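Some structures to go through are shown next.
Next come two complexes, and both contain chain A; in the first it sits with chain B, in the second with chain C.
Let's look at the complex of A and B:
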């Protein structure tokens, strides 16, 4: 082995091993942070990126901190971190749509609408995403909706069909009137529950109220006062319970309609990841 | 000259490798220190850092065990079991395999996945390699039975080979205090309210008895007066309602009282028992 080769080997190998040894060097901290981030251990990844940023300026690390906060649903810190992304950064455009997502999740309505409109008017590459998120949020939170065709324009054809159905549900929710349910049950016991599609309870209420009324009547007719009053009390209990139960049943029915509507739209938004871009940080 | 150079090169490489190994040892010591200080979040971070740079998996077993213990200390039982399983995979001898499995079983006991714990412990028990560890395995089987609310069976296990007489006595006393759920339920079938009296719920027992006597009287009276349909309806909707309610109530009281007794015992075990706990 010549001296040249020997020195060459030492020169090449020493820095390689040297780098491996200092596991707290900025480069290794970043490597470890990236590993934690891709392992979905976001809280620890954030700590490591923060350590790394104390010595190195890196807007990707900054962005990952913000994204980490967003992914663990700490929207307040996510907003703070995304807002610190400089507009000269390559990730600035993405950060704006992420801010919009965080605002949407933290229910900051006025700031959300302001930023959404800014993004839509700015003609950025994510204008359409902002428009989609805005429209879905309007559908979820507002009572007044724009025209259906105009509303569906930014969406892809599959989503148009689904959101078209939600739009119709928002305009004409299939609610049941509590008053109607109560009055129906007051006239014909159980009919209010049948109106609210609670068929089993409706039929039971009808049969039991009818039965106790009949038994009370026939006992009084045959001068069995005590049993007559007992059946009256039972019948009255079932009758009152049936009217009250029908109103409650209508309330439950309407709550289910609202729940299914909101849950369906939230699942849609989660499925679309709030129209934020996909990242290749962990490839 | 070539020979000398080769030697120097090997020495340099070995020295650098040792330096790297020393760094990992230092990192392990640091993480271990954090663990001993009870700083479990930081300890996990530092053990994970160690694993990330430990390309030859020198510290794989120890770090996985200690990460698992840290998660266990923070009641993150799912994560703890994941790391104990990784420790089991990276175990280098029977002792390490045994220890990782025992920790997995203990975490399963705390997670209340007791059948999983039972399966792990029984597998170790039938393994001839761990014949000498039989007492330790049985000790944890006893604890598993405690968490399954099988106090009598647990006391028997703790008595075997005098494993732990304190625990055995405690289990016997808990079992003695327990109410028989079946007795409470079925005695109420015979005399309504009896099960409630048995569990010390006298007012409830008296009310149950009164309602049943009243509804029974109305039913019998209807039949006596030839009001058969009235009798059937009264029996069905009044008497049966109070009768079945009375038995369900007695059963509920017995279960509730037993839960109070076992919770009190578990509370004692958690805070005052000095021996080893899951």
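Let's look at the complex of A and C:
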């Protein structure tokens, strides 16, 4: 009988005790939000931080909301949240460089250049970061570049080498001329494609044009007029098609040069996290 | 006591009966089906359209439709590219003009004949085709969108 009473007591007391822990207390909401944030579940973390901020004023939580939006690439909300951090906060300086990153990603060029110059002139601890981001963006988006040595000053030695190469590529991109490609293929079929580094296509074009020209020649020589004209038409088709294709090939080559340049610089920026500071929120 | 037992038996019978009746409403599960294990190939979705929208359609469309019906569909999907060479011709004429479209086709045919270096040159379409859209060859720089070669484009 006493065992039964003990068992009943345990069964009744557990839920009663369980109800005493307030899982919705601000402290626990923040704890859960921090867990979600460090688990990279930013969207749910933002919801929890917002719940937490209804009760408590905390600029770190505010900052994490903004950072969460930035990390899920919702730049308009990130900009709004970062802008709400006022200059009395310890995270104000960081928020300015994060705003610069968001402006860069949201392609707001005029606002980006304005803020970048403000940050550089303000001599804050992130002035150099702003200068690096500004220079890389100029390299990515602008046609006129500053002097190379001046351009590379804010970067570290490893980055100087890499960005120096990109600088040279921007000044002298290894484009192929469409006109040259077309003329080369008009003189020797396929040579335009070899010029644009489509070696296989170039050799194939040469062989096809040569084959049909030879077939046309031998058929005319043996008085097979109809077959001769058919092969002439096919040979002419491959010849003109190749001249056209060589021009198109040069355009594609140049588009690939641009693509590789932009892609390389974007990967560099992502690798450097847009020169934003590293955080110890999840240590 | 006997009445109670009788009611219990009745209730349990009712429950068993209603469960078995309810389960039988899902007839679809037990009906005969004709599953097909043939792999769907959207690459061969032909647009057998003979409507005349331009002068070139009078010649090109009957020729291409005849080629698809009598040769290509019988022979199978042997063109390594997407769109296939015949579809490329139709699309390029539609996008540009008959002269330019024909030049684009001859250039495509040259690429089709070259069997070397395709893997390093083209992105992949579906499981066994190379993606080579006409937008790259219209000589309109704005239309050129580079897709890295190691990209797989789903059908």
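Going forward, the second predicted complex is superposed on the first by the 263 of 283 C-alpha atoms of A that agree within 3 Å, B and C clash if a C-alpha of one lies under 4 Å from a C-alpha of the other, contacts with A are read in each partner's own complex, and residues count from 1 in each chain.
Convention: a contact is a pair of C-beta atoms (placed from the backbone, for glycine too) under 8 Å apart; a residue touches a chain by one contact, two chains touch by 3 or more.
Worth saying up front: this structure is predicted, and the values here are computed from it rather than measured.
Engineer: By the touch definition at the top of the document, which applies to A:32: first (chain B), second (chain C), both, or neither?
Structural biologist: After superposing on A, A:32 lies in contact with chain B but is clear of chain C.
Engineer: In the overlaid three-chain picture, which partner chain does A:259 touch, first (chain B) or second (chain C), both, or neither?
Structural biologist: second
Engineer: Regarding the shared-chain residue A:211, is it in contact with chain B (first), chain C (second), both, or neither?
Structural biologist: In the superposition, A:211 touches chain B alone.
Engineer: Given the touch rule stated above, what does A:44 touch, chain B (first), chain C (second), both, or neither?
Structural biologist: So A:44 only meets chain B here.
Engineer: When both complexes are superposed, which of chain B and chain C contacts more residues belonging to chain A?
Structural biologist: Of chain B and chain C, B contacts more residues of chain A.
Engineer: Which partner chains sit in contact with A:71 here, chain B, chain C, both or neither? Use first/second/both/neither.
Structural biologist: In the superposition, A:71 touches no partner, neither chain B nor chain C.
Engineer: Which partner does A:224 contact after superposing on A: first (chain B), second (chain C), both, neither?
Structural biologist: After superposing on A, A:224 lies in contact with chain B but is clear of chain C.
Engineer: After lining up the shared chain so the two structures overlap, which partner does A:237 touch, if you call chain B first and chain C second: first, second, both or neither?
Structural biologist: In the superposition, A:237 contacts chain C only.
Engineer: A:183 in the overlay: touching chain B, chain C, both, or neither? Say first, second, both or neither.
Structural biologist: In the superposition, A:183 touches no partner, neither chain B nor chain C.
Engineer: Considering each complex separately, which residues of chain A are in contact with chain B in the first and with chain C in the second?
Structural biologist: Comparing the two interfaces on chain A, one with chain B and one with chain C, the shared residues are 208.
Engineer: Sort out for me which residues of chain C touch chain A in the complex.
Structural biologist: 100, 102-107, 109-111, 113-117, 121, 136-137, 139, 141, 144, 146
Engineer: Under the touch definition given earlier, write down the residues of chain A that touch chain C in their complex.
Structural biologist: 198-201, 203-205, 208, 237-238, 240-242, 244-245, 247-248, 251-252, 255-256, 259
Engineer: Under the touch definition given earlier, write down the residues of chain A that touch chain B in their complex.
Structural biologist: 1, 3, 6, 9-10, 13-14, 17-18, 20-23, 28, 31-32, 35-36, 41, 44, 47-48, 208, 211, 215, 219, 222, 224, 227, 230, 234
Engineer: Of all residues in chain B, which touch chain A in the complex?
Structural biologist: Checking each residue of chain B against chain A gives 1-2, 5-6, 8-9, 12-13, 16-17, 19-20, 23, 27, 44-45, 48-49, 52-53, 218, 221-222, 225, 227, 229-230, 233-234, 237-238.
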